[in-house]
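Chain nomenclature is as follows: A, B and C, assigned in order of appearance, with residue numbering initiated at 1 for each chain independently.
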Amino acid sequence: MSDAQAQLLVMFIKAAAIYGGLLGCAALMTLAERKFSAWMQYRIGPNRVGPWGLLQPLADGVKFIFKEEVTPDGASPWIFRLAPLMAAVPAMLTVAVVPIGGEFQLFGVTTQLSITNLDIGALYVLAIGGLGVYGVILGGWASNSKYSLLGGLRASAQMISYELALILGILSIVAISGSLDLLQIVEGQKGTFLGFLPDWNLFKQPLAFVLFVVATFAETNRHPFDFAECEPELVGGFHTEYSSMKFALFFLGEYCAMIVMACLTVTLFLGGHAVPYWADAPWWIEAGAFSAKAGFFLFLFIWVRWTLPRFRFDQLMHLGWKVFLPLSLFNLFVTGAVISL
Amino acid sequence: MVIVKRKILSLWERLYLPEVLRGLSITFRKMFEPRVTRQYPEEGLPTDGVTRGQPRLVVKDDGNIACVSCGLCEAACPAYAITIDGQETDRFIEREPERFDIDMLRCILCGFCEEACPKDAIYMSNELELADYTREALAYDMEKLKRPASAMRERMDYVKKINDRW
Amino acid sequence: MSQSEAKDSGARDTAMVTITINGREVEADPSKPLIAACHAEGEEVPHYCYHPGLSPVGSCRICQVGVQQGQMPPRVMAACRTPVAEGMVVDTEAPKAHDARRECLEFLLKNHPLDCPICDKAGECTLQDYSFDEGQGEGRSVEPRRKLDKRKSLGDVIVLDQERCILCSRCVRFFEEVPETPQLCIGERGSHSVVETFMNRPLTGNYQGNLADICPVGALTLKEFRFQARVWNLHKVASTCAGCSRGCAVTTEVLRKHEVKRFRPRHEPAVNGYWMCDTGRFALEAPNREHRLCGGILRGGSGQAQPVDTRTALEVARDMLIVHGEALIVASPFLTVEEGRELLALGKTLGARPVFLSPEPNDLTDDLLHTGDPCPNRRGLSELGFDALPVEEVLETLPSYESALLVGERLIDMLGAKNLATLPTALRVVLLECHYVDSPSIDVAVGIPNHVEREGTWVNVDGHAGRIAIARPTPEGVWMATRTIDTLHELLTMSAPGADAPGSATPGAIPSTPGAEATLG
């Protein structure tokens, strides 16, 4: 096997593994969401399909496929069909640059456990991730329904507002690690801080961390910021008119976005795949560490959803523009000042 | 009119995050408490005399139902679920139903029929499940409505008890 | 007209007197008992043995009211046996009278079984009503009730439940006074009294059914109606009996919008008083007959009967009647005046001769009600201008016409299905009937409603107009008879421009009906 062939093969294997993992994870998230919510409410949750209900996502998939596809009268047919894709695909693309584990050898090729490694990984993530909102807006608009339209509009307003906090948060990380390359950012978090803490950006940028995590909730349209759906007011928001697999795609997009956001948080603030106090851990331990950290944030998404009530939309906007934006700017300013000193 | 004054929040409360964490800790702890879910089809619903399930005709020990097709349950039924036709019988009661239908899809389980019956012939059973493939199959005729007194004993005793109160 | 009416308004002093009932001064007829005056005033006075169509005997004592006359102190008297007299002051709710009635009721209920759940009278039983009003739920008697025969057959019509009888003797008096063939009596004595027939002979006569109506409780009930329906489930409309040309006022009582369960007499002083005969009462077979003709049936060139809708059938009928112009119109004697009028107009357009079928009188005639003539609207149709033609004559003359239009219910019965099936094939027949008969000469048949599904006027033998009323919906696809005839007429007029305007054939006045709009309260 020539070197180029091996490289290609490794590339394929990595892509398959990571995307398989992502989709599997998204499926499991739907189950986890219901299981955890059930436990928090003294219930059992799905337990009929497979052991402990593990095959429930599969059953849901089958159900979604066999559901009737409904396209409302007056819906804009192509955009209506395009929107679910627009929502799902960008979320899946962004995961390509997240470094999940360290270097390892396969077929004589030394490689990283990430599909690719861009110099401008952080920028890529923001650019592609920002496209996801189009799916929601177009879906809401193309449905020809007032609920969908309102849901779509809210989603766009919300995403624009919180993208600012998100970007400013990333900027302060970029500022202290001096690179847009996610791998570099991870590398910069190996070692220890103040002698006993792992050298995670979490400890150097606590304010940025809090702002970033809250902003991810808004970015992924999750509780308590899920104003794009908001059942009591908008029936189902942007996906009111969607059914069958199209609806499933929206869902897939939402869960993929959550996973990506969790990965990003881990990469930026929790040292990515770096294992604390063990600088040269094997790649699979690193991958495990990464998964554990990301898993916690995924759990946090669910945990918060079943704990907090939904805000009002004006409160959301107030928080975004009058609290988060100034705080983020302040944080960036202080960071810059400290670095330049 | 009651005027509720908005509580003045302290800075700690207004930070919101500590309260969020407190809420999260509550839900987290709840995850480990015992479950109350009832595994329904395997674990049946608990019923006793108070349960007002679907109305059934009680078959007495001699194998007959007590109904004389007086039509009082038919008249009392607010959902027009009951249809009765009478006929003559050689038994002492002279009159018995030739046809006794209750459309279970119309029945709202109100129990008025049980209350109206002068012959203690119809009682609310503890049967709550109702499913079939056609509407016709759910319009029960007399044979489908008959239940032995042993199966209805609990409800019959309960009704007797509350009636004795007056 | 009935004999009881004649008796009531006997040749006594007819000058009105003034009495006071519950504080109101009213005029009262002294030939009638006090209870009638009270009822006319709208005062509720319960009564069991008193019946306005029978002579009063005062045996049940439930009608007691307080009466003050002259300087005498107020007394409690049976209102049905007290003639009204000038200056009487009556208080129907005097406490003493009320107590007396309560006590009476308690005695009546002493031996009356708690049978309401199985009793056919329940719902229209005055004993039940009054017990309910008085609300004395529990008996005080410790002795057992009488045990008697609960299913005693009294002939073909009536079944007697001796336990339920309150010995009011209405039934006994009915036979004595109305058909004047005494058959029932109260046998034994004291608390052993029962109603019975002499030597247990079955009851006879054509008026036995009335016993079930007049018995105030469920002691006498109809075998025909036994356990057939609960009376509160019956939909009742005021109508007219189709049994004979007397046209007794009846109520038609229909169960679940479908089956006619009873005909019962309705009070109509000018025709039947309170009674009706058993022939009319039990004429349930014809209105309930199955296999109705719904829509139309065409018999095309293939000879196959083919169902179509009413309008199509009428269009074919029009084409046929135009081609075969010389027609005979045979109306059924069950047609109403309104339908007859439409048909006559149609006949005029067509230039056809209108006759109505007049079957032989039967031998049921008596000097009470039944006329023996089975044509309920003979007089109405005659006055409109239809000729009465006996069945044989119709069958004889029919072949001399090119076509025939047969209109109305029971024509098949009266003409005979066999006779219709063997009509000459050259004759073209349009049949408007409730049922269908297969015959090579019947080209078009159109379903019409029968007499419990139509409304209109029948004029009885004395010229009294009785209304028939819609008691249940027509079968699916069947048009009202007037609409069917009218539409056919319209179709004919459209294709025959020179024809007269419809309606010009209406003959002289039809007697107007004072109670024509009467419905059941």
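What we mean here is this: a residue touches a chain if its C-beta (ideal position, glycine included) is under 8 Å from a C-beta of that chain, and two chains touch if they have at least 3 such contacts.
The model shown is predicted, which means the values in this text are computed figures rather than measured ones.
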{"item": "Touch-based graph of the chains, sorted into line, ring, star, complete or other", "value": "line"}
{"item": "Chain closest to the middle, measuring from C-alpha centroids that were averaged per chain", "value": "B"}
{"item": "Between chain B and chain A, distance of the C-alpha-averaged centres to the nearest whole Å", "value": "48"}
{"item": "Inter-centroid spacing, chain C versus chain A (mean Cα positions, whole Å)", "value": "84"}
{"item": "Computed distance of Cα centres, chain C from chain B, in Å", "value": "46"}
{"item": "Partner chain C, residues of chain B touching it in the complex", "value": "68-72, 74-75, 83, 85-88, 93-95, 118-119"}
{"item": "Chain B residues within the chain A interface of the complex", "value": "17, 20, 23-24, 26-28, 30-37, 39"}
{"item": "Chain B-facing residues of chain C, complex", "value": "116-118, 122, 150-151, 226-230, 232-233, 256"}
{"item": "Contact set on chain A toward chain B in their complex", "value": "36, 38-44, 210, 303-304, 306-308"}
